[in-house]
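The two complexes that follow have chain A in common; it is paired with chain B in the first and with chain C in the second.
Right after this comes the complex of A and B.
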């Protein structure tokens, strides 16, 4: 048996979303069981299943999130701060 | 038998088969070999129960009775046993999951053929039910095939499945047995042909399914049709009017909650 991760999508809406996992002996069984297990209430009309051991997983400490590089964020906060400071200095 | 009576018998046999098959599948919830199979098998069983409910509604309409939920329940659960028209295969209490799986495959192979008999029916509502049911049968068949593909390739599972096939096959002629007056129903355009006409293609399909995986040159068809007990198995149903010993215990399980208080309003 292999563990498969299940992704579903409604046609024309959203991207594929992860909804859970299941155990199955073959790819075909995984697709069939995913339909009955995750789509029997019309939750979506397309399904992907991916064997968990086929997912490329980085080491836990690989990403090392960097919160100290505001220039890489595009929420405009840094620019807004400078404009505010500029307005106040002209008053 | 009147034309209406003949069509009613035909529809009732179809509905009763779907009803009992659905019930039997749903009984695997919680005890199938693995969780995902619990869900899948009982979900498939619910599909069959849905087909049964739609067919019972057609029977009630033929009877001139408004097909309310209560009327459908009364028809589905409230008849004396000799008024049921199910075959012995769907009444059969399986000994293990191998038998349940083999029966699932055989029944769904037959069921798809039976729906194809009525896709061109003279009854528009029946044709609509057939179209819906055939879409669902695609999944039922893929489910059974996917399990058999995997399990027939494993020696222990294969020997269990072939033993299960030996238990199920003698009931196949009964599955394909028509009801009294079926020729009249066919002549009226309710179906494209008699149920009995499905026996030959079904046996071919069973042979094809299981021979590649180790029937060891045996033919299910010859064992079934040519064997000394086979004719008896089919005739024992007497036009689907006789019940096997497994029917009453099954019906008692189905009626268990209802029988606590048959007047309760749900």
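Right after this comes the complex of A and C.
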């Protein structure tokens, strides 16, 4: 038996979303159990099952938020300030 | 391990800050065991509830309701699956160990599934009153539970329990609109099931309840129980039934229903030594587990794929 992680997706709009896990002997049975357990009332129109031991998990440290890379963000405040200043100087 | 905490104080500070614990976190052992025991009991209750429901599939009146009962039984078995899965991920017991403990009579499940459902009226009372009590408890856990996997799986369970509760109310209304004999039958069922349903919430929470401190539950038992009382006492009365509480009164000052003193002895006795129907229910579940061994063997063999 293998543990499978189950992902479902709705209506072509959203991303695939992890909804839980199940235990099954084969890929085929895993898909059947995913449908019976997680898609009982049209919760999604697509399903992925992935064996848990096939999921590659990155260390938390590796994906820590990049607090030292502020240049990757721009909150727009500086631009707004300058735009306002420019508007006022033209009046 | 994703995260770890040096001391219980650090862990509790993390919880107090609204932190969510995940399955691969190195959580304190006491927390792991507490959250495991809570989910295991919920899983057992779903499964034992499903088996009760299953008993009534052949006896359910009308094809539409029979189909709905079939779907509900499947839902409850499904909830058992989902919950046993996240419980097993805590690494305290495997899914098979949990099931074997349950069928050996070593595990706990909700008090209501230790009593016998005698008539269709009983089954309706259970579907209406007990499912509602379970739903109120689960909603309170879902709202703020510190264990992430449980909280996420509760979202789907609660959605489906909502269907069950409406189905229960639908059946109750049909009986309420029925003949004097049907109404009499339901009143008798109410007399049998009102108190066990109310006791599903358990006695008042102790002041230092660790389930509350660790946000495994987020509301006190008495608060949840009162929510149920305030909703179901007037509802049952509006359908012309009598709430079987001799000391029931409307507290004009607090503007609330007061059911009077609660006798907790039946609950204590049931949880300690089982109830009138425990042996039969557990025995039948255990027999069923044995008789279906070949199905599990066939499924785990995986059709010769070498799995």
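The rule is short, and it goes like this: the second predicted complex is superposed on the first by the 72 of 91 C-alpha atoms of A that agree within 3 Å, B and C clash if a C-alpha of one lies under 4 Å from a C-alpha of the other, contacts with A are read in each partner's own complex, and residues count from 1 in each chain.
Assume a residue touches a chain if its C-beta (ideal position, glycine included) is under 8 Å from a C-beta of that chain, and two chains touch if they have at least 3 such contacts.
No experiment lies behind these values; they were computed from the predicted model shown.
In the superposition on chain A, A:60 makes contact with chain C only, not with chain B. After overlaying the two complexes on the shared chain, residue contacts for A:35 are found with chain B alone; chain C is out of touch. In the superposition on chain A, contact of A:20 is made with chain C only, not with chain B.
When the two complexes are overlaid on their common chain A, residue A:9 makes contact with neither chain B nor chain C. Comparing chain B with chain C, more residues of chain A are touched by C.
Across the two superposed structures, the residue set of chain A contacted by chain B and also by chain C is 1, 22-26, 28-29, 33, 36-37, 40. Chain A meets chain C in the complex at residues 1-3, 19-26, 28-29, 33, 36-38, 40-41, 43, 60. Across the complex, chain A meets chain B through its residues 1, 22-26, 28-29, 32-33, 35-37, 40. Here chain B touches chain A in the complex through residues 34-37, 39-40, 43-44, 139, 142-143, 146-147, 149-150, going by the rule given at the top. The touching residues of chain C, when paired with chain A in their complex, are 2-3, 74-75, 78, 81-82, 85-86, 89, 95, 149, 152-153, 156, 160, 299-303, 305, 307.
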